[in-house]
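Chain IDs A, B, C, D, E and F follow the sequence of writing; residue 1 opens each chain.
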């Protein structure tokens, strides 16, 4: 095995050590007010004997909160004697973005989830992605990276994964999602995903799942409850923790986003007003929302129509919308290929 | 009667003309890219014979959308033959703030609702407030200024007014609120209100009511439905429109915010996570939320406690909170003084 | 005579001293990088015996260059023996705006020409306006403040003044303009002018004239030639300098901007494309330009029409235009009231 | 033929379809206010049978307007029956820069004309350049990319191309320019051009021409008239449209910029004042302009001298100049190598 | 006595209560991310029986640290049994400026020390100054407001006060300074001081002293030691604390800044390089520093000369200097008027 | 030898020419206000016959001044007859950063000292680094790149170099440092240095030394005196200039920074207050400073402890510190490996 390329990250974590470690990843960040400084990213590693390794991350986008809260709780409380194997927890991965509650980092303006597999000589996000790719993913059997809709979107609480050609891996991922137990598990074909965390994990053979747990830049109590329960369920499902999986009242439904053009790019700028709530069943051509234009009180609102039938799963999470912003996404029931 | 001081606003609106007028208020705005330009603020005036004048405004804060939508609809559709009296509608009053969906204006960084009674030689917001005070409020018998929680707050849909010493005016305002028909009507003693739109209207003898119809910088379908119904109900209640008031299933409950220190200034910075949803009944000392700090996974969340018993009416509308931000407001049932 | 209120300006200029003085007005400006610093505004005073005082200013707006150049030349070369009386020259009055070539100051975001009569305790622009009002205008018989269109406008080279009720002053001003000798002298009734330099000078009994010498944020060679000649002509006309007035081939034509609503606020945003050049004679209702919208290639351009007949004197000086920006101004021949 | 690398652009355009298509290129742009949004770039394709393909672009720099207007008009009006072959029209290529009327994009701060051949994993401008290189240029026989001077320069209306080693291609390009019919056709050896649109097109064997049609960030009526006529002439010249070439009164003169150091980097900061207008014939060592320094009225202006004899073709388009900015460019008559 | 005008500040501090109180002043601050929020400014009040009241403040400018540290220590440790009278301590008065370590507030861009006596309806700094003027200064017999040079200046550690016409007050102030025991006590006539904290306190009859304890935006260990010792000495001198005044080795020397034009406005921009260290004795006309200009290696440095003889007390605290910045201040020995 | 890749830099410097040349490197910089402009970086080359080439640079970081001053003086005064060999002097290398006195460039936000070996198609800093690597370093036998602490650090005046595996080069570098004669010569193993100027020079076989001459964003008179003397000493030591090396009173002490984790990342945010001055001898575990938190006057300061024994060589140069900023660096005596 070749040695991974050097990272700029400085840390005293020993991922092979038994027990509980609470420390930081120090990523050097040289700027006008700090020539030799670093950003300190908290990480907790809990290890007990042999067993699978689960890498749990949240805060890949700083304005997605349910996962950050659920992992902060787990990171504070998980003890070696509760597990068999290893759990690596980073509750606020893209830490500079989490500090300001934004999708992008104030340091380099980048989305770390478009910066994989990373570059040790690149910007902050690229160098951090490089560390994840080369020093964390090789340790992991499974990665769960917890997302929500962020400020621009509002989604029905769901887990997510990609439609993979490898049926065995696809089935293992769906089984993980069903154990996690969100109301929906939404799958899509990776679009513009060459540089995402999840695609990188998949290419490295890691079982990989993410989520959408709410949105509108606020904490969803429903989404948070689903995340809390799902993480424990996943630990049990993977054989890392003992116990029973806590099943929701309704089993998880598998859904798909059929095509890459289905993100409902807004045809105008204004105030986006939904006509129907999330979860509504719509037909192709139905108006699912309207765009109101404040500059002209004589102008009727501009309707936004569904391109295909299905369930309204995601819509604009802010009042104002700009031409080209995603307005509404409809999902269909997943039919496993025979 | 003394002539009102001159305003910089240029408009061809004649408020005394019968019929329907759709026009703009042009407020001169001289800046680097436009020496002699203006901001065009749409206004619709509908007048038919004699009868009271209702001044309807929204967009006093640009990130409060339900009122803007409801008034854009009314402005587009209201016709003279439907009314007796006069309705003046400004769906996006602080227009520069509405264009960017922010509380404050990008022009002068001001909250117009802290800029009353205004100043014709002041900044944009001050000069606009001056026009409202001197050219619109003198025409009005009643003002309804529609607010929501904006991006920083999330509120139960409510109308609002001040606890006034003049019992007759107080009763007329509560009657208007009950006709409007929001689930709650919340009253408070004006704090730091010397410069608000509502206090200015009150000082001028105008019956004055506002609202909180949602928040989190998104459009609330519930809040919007309440606004749409309430506006029509108000027109009927005031005798401007014919018809029946559409009563909600539950009559409006009158509530109060007991004291000015009850806005729940956050004791720390982090992610604000509610423990209970809006509408929950809490006791004094109950934890209503927690502040999670991403920089230290060993630190337990910092609880936020209710200072008094009542109903949780408003809470933080964004995931991130800073020390001093309002976190949670509890209201009590209003007991009319004997 | 009451003592003028104290100014923050520090200077060693003695306006009563005979001869030539070249110095600075130091206006204290305390900011993050300079606690006790000041902005140094060059001023040149040339005095010789008795005679009228002419106050010459340019750079009231930083992106208007012809006057700055003409006054820098005069300031460098004028000698006491050439005059009888006093000439006070400030080539770059709103110095911080001139340094960046913007209409507004980067210090306080203000237009000094909306900040008169000023306030010694106000912002930088207000404190500077206060100095001009209280320490310079009382010395002056005549003020010529040289403007151009700045980046947002392009104008036919003209002198300008207000239509004053005092016929004697009006006639003296027009006589000054005719001596100056720009192709046009454009007069308007002051609108929103309570806080301009010119209105303040007029209220103080100073003969007051300004100009528009070009625009588009570039130096107009024609406008500069007119300014250079006009300043010398004015010195001769006022009896400060000896010599002959250099008459242009065509005498100055007196024009008016008829009404305050005639500034042609743009009805849409896009690229402003004139249909006719400056100086064209148009009829009411003629399209004088079009607004092209890049977001929709099916949409025809939105025409901008002249509200009244006359000569196209001023139009948008940048390619992009926003709703409400001034697009085109038409002037008419001035008919002196009988 | 190898498949071009995948692009992030989503579009329903079928470049091989007969007839007229009006659509958008959706370039995904994930940012704080839009996680899954896109920028919509209008494109019009008109195809009729066989014949050459002309790719027409403008808005490569957002503050260059004549080409955007001329192509918006052509895009709105061109119909299949008018042509033989294919015309692909993108009137506002670097759309985010065009929306704000700036040379660089507000998204990534890049000049797309320094971002070729592009990178699908790079920034917005790089990913868009990649689409042009890999999906549009391979379809084109000829590319005309319409530029103007932007806000910083003012140029005599001209077409432009590179001095190419391949004489046949050079001759075909000059013939195209002469058909287009601008007063001047200016050629230079590519400097720092490895990453321009034009160089990339040339390397791919596409006949490639650009232009300078005005400047100063305003619309030049002369430049626009030349662009309108030139585009139609080019369609006729290329055999795509029927008809007669409309010849200008004076035939196009071929000129060259002799050397890469001839861009006249300003030796000081201040106000740039030309001494002579564009088109003037100057000798080496002639002062073509002066830099005036407002901070010192005793300092004479700093002259800027021509480095060689020729025609003044381009000069500073803004009043303020900084050390190192291009101040004046002189061109010479082109002498075809024997 | 008239009631002071209402303040927006909310606090549970009772200044008349015996004992030690640690609390906050909540100043409402309504902005885009917090509609009903506040800034929490720590305040500590320690009271024991009767005796004088000393108001101790630091952080009036956020980049002046020695006073903030010394007062944080006193605020944490002072107990009622140690005093007789009352001590009100605000270690970080202009709290938003202190959070960012800048002279001016990021909220309103204001220097609170140019915002007195304040305005309850003004900006944040003005409303806070109003609270100090109307609710704190009326309680105080003595105010010590601890300053340092901030980032732009470097000063010899000194106390400071104004040259007052009231000799008795002047003597009491000098006596306080001598007890405090800084190496120098520097006095000046108030210039541009109508709006400073100190002038306002003086007008209200409060003995008022400030300081300069270092600069360059760093913590001076010498200045800090002087502040720590001086505060205890002042408590003893005023009879609030028991004990002995700790006298420095050298008694405090009284000095004056002779005239308001002596702040050494820099004549050019570049790197400011002192020729002599602080404390040097210079003659009028001596070069005390040089300005180096990086843009021209042939240009000799521009010398900065002392305008009068004395001790170099203060000089530029940053490497870069701009024209008009204060470069060097010289002080003279104070000779009490006979 | 392969030809170096083309650079965008335009210059008339001939590095092989005998005598003294004063010129500029023009680096093209195309931006919104200058399409075809350039940044002009002064360079002075002095050559006389044969002899070694010394490349002297400062201003690699714009807020490090002592080297810029010392090299401006040398550049202005050095004459060919004073040397044997060649001296290339660039006093303000990263010129845009030097103009604003910041570590990073305002053009691209980059630290040029993290941008080596550079890229001709990259950003400004990358393209400039590429020129240095490919056109200057190949000419040099020795490079001295003069640094200071910048605004964020304060250091004891020192020269610096890397601990190299090549003992001969190491010894030659130490000999150069001893001739230069700073009080300390500090060596470290390169960490995160793949992209620094110094590492690049080393890889190219150039003897390479840098320095830390002060900090806190101010000019240190001690550090400047050391730089002035050291440069002359180096010229003599290298045989370029005649004369005697001026030895300091104390010979240079060789020191090391033992490990890469020893930069003292701050554990909290607040005001950093040193407990001991630079040069103090500390033991492992000693508190060397405290972080004071202004938000809570009850909280004791957070001590910062030394991780190992040695001399305190560097500490925070600003009052405010953020978590992760470098707070204090301790060095040990260098023991040459046997």
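Note that a contact is a pair of C-beta atoms (placed from the backbone, for glycine too) under 8 Å apart; a residue touches a chain by one contact, two chains touch by 3 or more.
Fair warning: this is a prediction, and the values are worked out from it, not measured in the lab.
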*Which neighbours does chain A have in common with chain C?*
B, D
*Shortest contact path, chain A to chain E, counted in steps*: 2
_Fewest hops from chain D to chain E - one hop per pair of touching chains_ = 2
*If you take the mean of the Cα atoms for each chain, which one ends up farthest from chain C?*
A
_Shared numbers divided by all numbers used: is that above or below half for chain B and chain C, i.e. same or different?_
different
_Can you tell me which chain lies farthest from chain D, using the average of the Cα atoms as each chain's centre?_
E
*Looking at A-F and E-F, which pair shares more C-beta contacts?*
E-F
*Report, in whole Å, the distance between the mean C-alpha point of chain A and the mean C-alpha point of chain B.*
36
*Interchain centroid distance [CA atoms averaged], chain A/chain D, Å*: 42
*Whole-Å distance, chain C centre to chain F centre, using C-alpha means?*
50
*Between chain B and chain F, what is the separation of their C-alpha centroids in Å?*
58
*Per-residue multi-chain contacts in chain E, two or more chains*: 40, 63, 151, 295, 318, 323
*Which chains touch which?*
A-B, A-D, A-F, B-C, B-E, C-D, C-E, D-F, E-F
*In their shared complex, at which residues does chain D touch chain A?*
8, 10, 12, 26, 28-40, 121
*asked:* Taking the touch rule as given, give the residues of chain D at its contact with chain F in the complex, in rising order.
replied: 61, 63, 102-104, 111, 114, 149-153, 192, 194-195, 260-261, 263, 265-266, 318, 322-326, 329
*Residue ranges of chain A in contact with chain B within the complex*: 22, 40, 42, 44, 59, 63, 65, 68-69, 72, 75-76, 89, 91-92, 95, 98-101, 151, 154, 216-219, 221, 224, 271-274, 277, 292, 294-301, 316-320
